[in-house]
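These notes open a run of structures that come right after.
Two complexes come next, and they have one chain in common, chain A, joined by chain B in the first and chain C in the second.
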Partner chain A sequence: MAYLLSLPALLLFAGVVVIPLAMTVILTFHDWGQYKGIEPVFILKNWREVFGDPYYGEMFGRTFRIALIVTVLAALFGAPEAYILNRMKSPWRGIFLLVVLGPLLISVVARTLGWALLFGGNSGLVNKVLLSLGVISGAIPFMFTETGMVVALVHVLMPYMVLSVWAALQRLDPQIENAAVALGAGPLTVLRRIVLPQAMPGILSGGVIVFALAASAFATPAIIGGRRLKVASTLVYDEFLNTLNWPLGAVVAVLLLAALAMIVIGANRLVERRYAQVFG
Partner chain B sequence: MAFLALDNLTKSFGSHIAVDRLTLGVEKGEFVSLLGPSGCGKTTTLQMIAGFVEPSAGAITLEGRNLRAVKPAKRGLGIVFQSYALFPHMTVAENVSFGLEMQGIAAAERARRVGETLDLVGLGEFAGRFPRQLSGGQQQRVALARALVIRPQILLLDEPLSNLDAKLREEMQIELRQIQRTVGTTTILVTHDQGEAMALSDRIVVMNHGRAEQIGPPHEAYERPATAFVAGFLGKTNLVNGASVRPERISFAASGLAGTVKTRIFQGNHWLYQVDTADGLVTVIRQNTGEAMPEEGAAVHLAWGAS
Partner chain C sequence: MSKNGPIALAYHALFVIFMLAPIVVVCWVAFTPEGFLSFPIQHWSLRWFKALAFYPEFVAAFWRSLWLGALSSALAVTVSVPAALAIARYRFRGREAMTALFMSPLMIPNIVLGIAFLRFFTEIGLSGTFIGLVLSHIVIVLPFALRLTLASAIGLDRAIEHAAVSLGASEWTVLKRVTLPLIVPGLASGWALAFINSFDEVTMTVFVAAPGTETLPVRMFLYIQDNIDPLVTSVSACVIAVAVAALVALDRAYGLERLLVGRGSHGR
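Up next is the complex of A and B:
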């Protein structure tokens, strides 16, 4: 009987997640033509197109390459940031936590536009200054490049990594570093042998979050990459709203979802199996 | 000169003086307890010996060399922390082996000494477990083994038994004393539990407000407390005619201080009395010998030796 209490939640879940998702999957098998629109038939044309045309392979490759680089960079910068934050004393800790998390309060669009204003072509602020100083002879390539997308995404997604690592570090015994020092460990050994292994679950779960968000990000790739450098989410958007080829867009969307789900579940399994025994 | 000497050791945090000119000599192989209420400076003293807190003034010497000039990682002291601070991502054997690894000892020798020390604390068969899979008492032994395996010149124990339940704590006290006697390591224990300090130590240092109120063997401090604070902290005491008298020294007699039994509590091996007298409430503890004892409301006389 008690299970009935979860019925409203289940109905909502079915209504807004399961049914649209099923409809999207069905949509991938429908036909589409420039003049006839969507035809509710069962064909594999769209799937064949996505798997047959190297354009899509390249686009998915770019999407996951960017997501992977963003994840690695966020870990490289975010983990030390969280460690330093954790060692700060109040009130500095609170102030810098606000500095780290503050950007979350600002829209992703605004934050990404900031990068565009700084580096966008010859009129971008940084490029303008450097050009007038004669430091560079042409604008730094940032807009419509993968590098630009990676830099902007790392900036946008860093707080998630910092928060995740910070949560793991807070479970650290406050005396544990002293314990290692007393046994003769130098500062680097303490970091590598004692702190890092205990921060690892946080780095990995933060990595899963950042990877998933980077691979499915829309606003940042749309602004920095535009139409020239498409990733999965901007391609889906274009198919649905510009080309109006919904079935093709649905295939890309379903593939992105399936790949992400597999990666996230796989990574979670790995983390759990590796750390359940140790940290529980 | 003593094996470990603290000379006018002082630590102040801003205007608050945590440790105030503490002077103490500890002999080789001795077991000394720093005893006092929380905030009395005992833990700060331990942290200064360990090197985690920099003294404001004073000297720490170990076998005549200035310990303050030695980095914490090079002091070679064994420390058992209140929270144990075991490395959760390492097995019991890896935890114990860590200090030896830092000393650059070869793997075979490491394994031998780890096994030996784990046997000493009775955890030989738990070498492959992770700390999370052990009970509190077992974790405590791992912490002890980890501190002892590096053959420290001094073993520092920071409230090591306070996280254990009463029965286990008593068992560990006995075991700790036996292990300390076996290995002969000079040991400094920080505790707020006077029973623990008295049971384990050769000498106790009773601290209050950063100062050592009395330094001496437990029975001496108990029998001849230097100050009212020491008398009160080391056990129940009565102040009668300005003199401090332990409750177990007072007996019911035919004559003496007259009073009425206010409460009587049976505690198995002894009776605990509160007697209303002209000098105020007097606490009396009498061994339970099976004989009939005065009941509540009875008129009694109290007598005690002139100690």
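Up next is the complex of A and C:
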């Protein structure tokens, strides 16, 4: 009975997920030439090229470096905001939760366009504001740089971090904070010893989500990075839709998938083992 | 519980500015009367909103996105209902693996799904067709539909169904008259979440769509790749307006927090 009920979904996923993914893995072993197109043979040429050419190592390094920086910044700025939101009274709490999480519902293309407008070359608004505040002494190039990609990605992925930490803080019993204060703990001690340990599972699981999404982000790096500064997903796009070297693009995509799967599963294991009692 | 101090509130203000700045700027620039991008704008004008009427590809892409989102979300919910009932009620071999499979589109980067669909659809002749778009969108929004359908199927009080059976209702009647009406709120919110994700999807769709079947985000993305001008800001402003309207409606109807966190909120 259970199998019968799940049959439509199973058939759909077997046909439209499992088979295409298997075909993609097989594709990585096919040959490709400018004039002959894709040849269905079994060779390791594409894998050798990706592992042999330092260009790809550099590109993957950039992809994961950006993802890591974005994750750290999102945690650093998102976690305090979730805590502040959690301490607000209604109706402010609901309103600002809407403001912070709402951008999730707006197309990534529209949000990235906003950053492209704000960066706008060296005379962009962000630079003008930072210069006038004396934060920086000279204009920082944001467009077509990693810095710009990081800022835009932090903005795009921030709601996931706030959401995750917020969910963890919901389990926090305010009475524990009050008890700590009553026992003579200062505000910093309460934050460090009471709030942070309880928010940590949320920060870590939010971090895993943000990292995975940042490493595989496409539209934002494509718009901010332009045609030259490539990350894994924009390189895959180029190979598939411009160069038309599908087998090579498939290798990069499969490597990205494998690396992310390992990192996400490993991180989840770590989080669950460490916080088994909190999740239990 | 103590209140937020002035430093916390100042931080909060900066955070909100950061979150809203790019969105506000897009809407603001869209009202420029000039033929080029300028910020801040000197005068207000609807020139670029009116200009949209002369770019039918954007209008067509908007309607296509709307239909695609509505159709693929409805189909995803339809497929989810029996699967959710199976997962919620039966303990069977492969249950965990099956759930993981249905949730896998959340784990697999959309760029990987995109190339996989491109390769697959090219082989079977669906590349660039609307059917291809619908199939691929059902897959990527199914986890959202299934999660909320599953939540309401698990929360269902079986005693009501047992009461119906003991009163002589057939299995089909129970499903139609008791089970489905009880999980309809979950289905509706699952559909809404699925719709939003379909409507905004660009990374995977860019591989599946072709000229003539482009969705709005894909059309916008390709346009921005070539040049950024006030026209695309006015399109974006319209998209943002739709999203804000949906946001407010969803929040009123269901509670955004509940929808996104996926469980009941704990009131204080």
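Note that the second predicted complex is superposed on the first by the 256 of 280 C-alpha atoms of A that agree within 3 Å, B and C clash if a C-alpha of one lies under 4 Å from a C-alpha of the other, contacts with A are read in each partner's own complex, and residues count from 1 in each chain.
Keep in mind that, in the parts below, a contact is a pair of C-beta atoms (placed from the backbone, for glycine too) under 8 Å apart; a residue touches a chain by one contact, two chains touch by 3 or more.
A quick note: this is a predicted structure, and the numbers were derived from the prediction, not measured.
Visitor: Regarding the shared-chain residue A:Asn178, is it in contact with chain B (first), chain C (second), both, or neither?
Guide: In the superposed model, A:Asn178 contacts both chain B and chain C.
Visitor: Applying the touch criterion given at the start, work out whether A:Leu68 contacts chain B, chain C, both or neither, answering first, second, both or neither.
Guide: After superposing on A, A:Leu68 lies clear of both chain B and chain C.
Visitor: Applying the document's definition of touching, compare chain B and chain C: which contacts more of chain A?
Guide: C
Visitor: Is A:Met1 touching anything from chain B or chain C once the two structures are fitted on A? First, second, both or neither.
Guide: Touch partner of A:Met1: chain C, not chain B.
Visitor: With the two complexes superposed on chain A, say which partner A:Leu131 touches: chain B (first), chain C (second), both, or neither.
Guide: neither
Visitor: Pick one for A:Thr24: touches chain B only (first), chain C only (second), both, or neither.
Guide: After superposing on A, A:Thr24 lies in contact with chain C but is clear of chain B.
Visitor: Which partner does A:Val108 contact after superposing on A: first (chain B), second (chain C), both, neither?
Guide: second
Visitor: Is A:Ala222 in contact with chain B, with chain C, with both, or with neither (first, second, both, neither)?
Guide: So A:Ala222 only meets chain C here.
Visitor: Need the overlap of the two footprints on chain A, from chain B and from chain C, as residue ranges.
Guide: In chain A, residues 174, 178, 181 are touched by chain B and also by chain C.
Visitor: Which of the residues in chain A end up touching chain B in this complex?
Guide: Chain A residues touching chain B: 173-176, 178-186, 189, 193-194, 197-198, 277-280.
Visitor: Going by the contact rule at the top, pick out the chain C residues touching chain A in the complex.
Guide: Going through chain C, the ones touching chain A are 1-4, 8-9, 11-12, 15-16, 18-26, 29, 37, 39, 79-80, 82-83, 85-87, 89-90, 92, 95, 98, 101-102, 104-105, 107-113, 115-120, 123, 135-136, 138-139, 142, 146, 196, 199-200, 202-203, 206-207, 216-217, 220-221, 224-225, 228, 232-233, 236, 239-240, 243-244, 246-247, 251, 256-257, 260-261, 265-266, 268.
Visitor: For chain B, which residues count as touching chain A in their complex?
Guide: Residue list for chain B touching chain A: 50-52, 72-79, 81-83, 85-89, 98-99, 102-103, 130, 132-133, 146, 150.
Visitor: Can you list the residues on chain A that touch chain C in the complex?
Guide: 1-3, 5-10, 12-13, 16-17, 19-21, 23-24, 27, 77, 80-81, 84-85, 87-88, 94, 96-118, 120, 125, 152, 155, 158, 163, 166-167, 170, 174, 177-178, 181, 187, 212, 215-219, 222-223, 232-233, 236-237, 240-241, 246, 249-250, 253-254, 256-257, 260-261, 264
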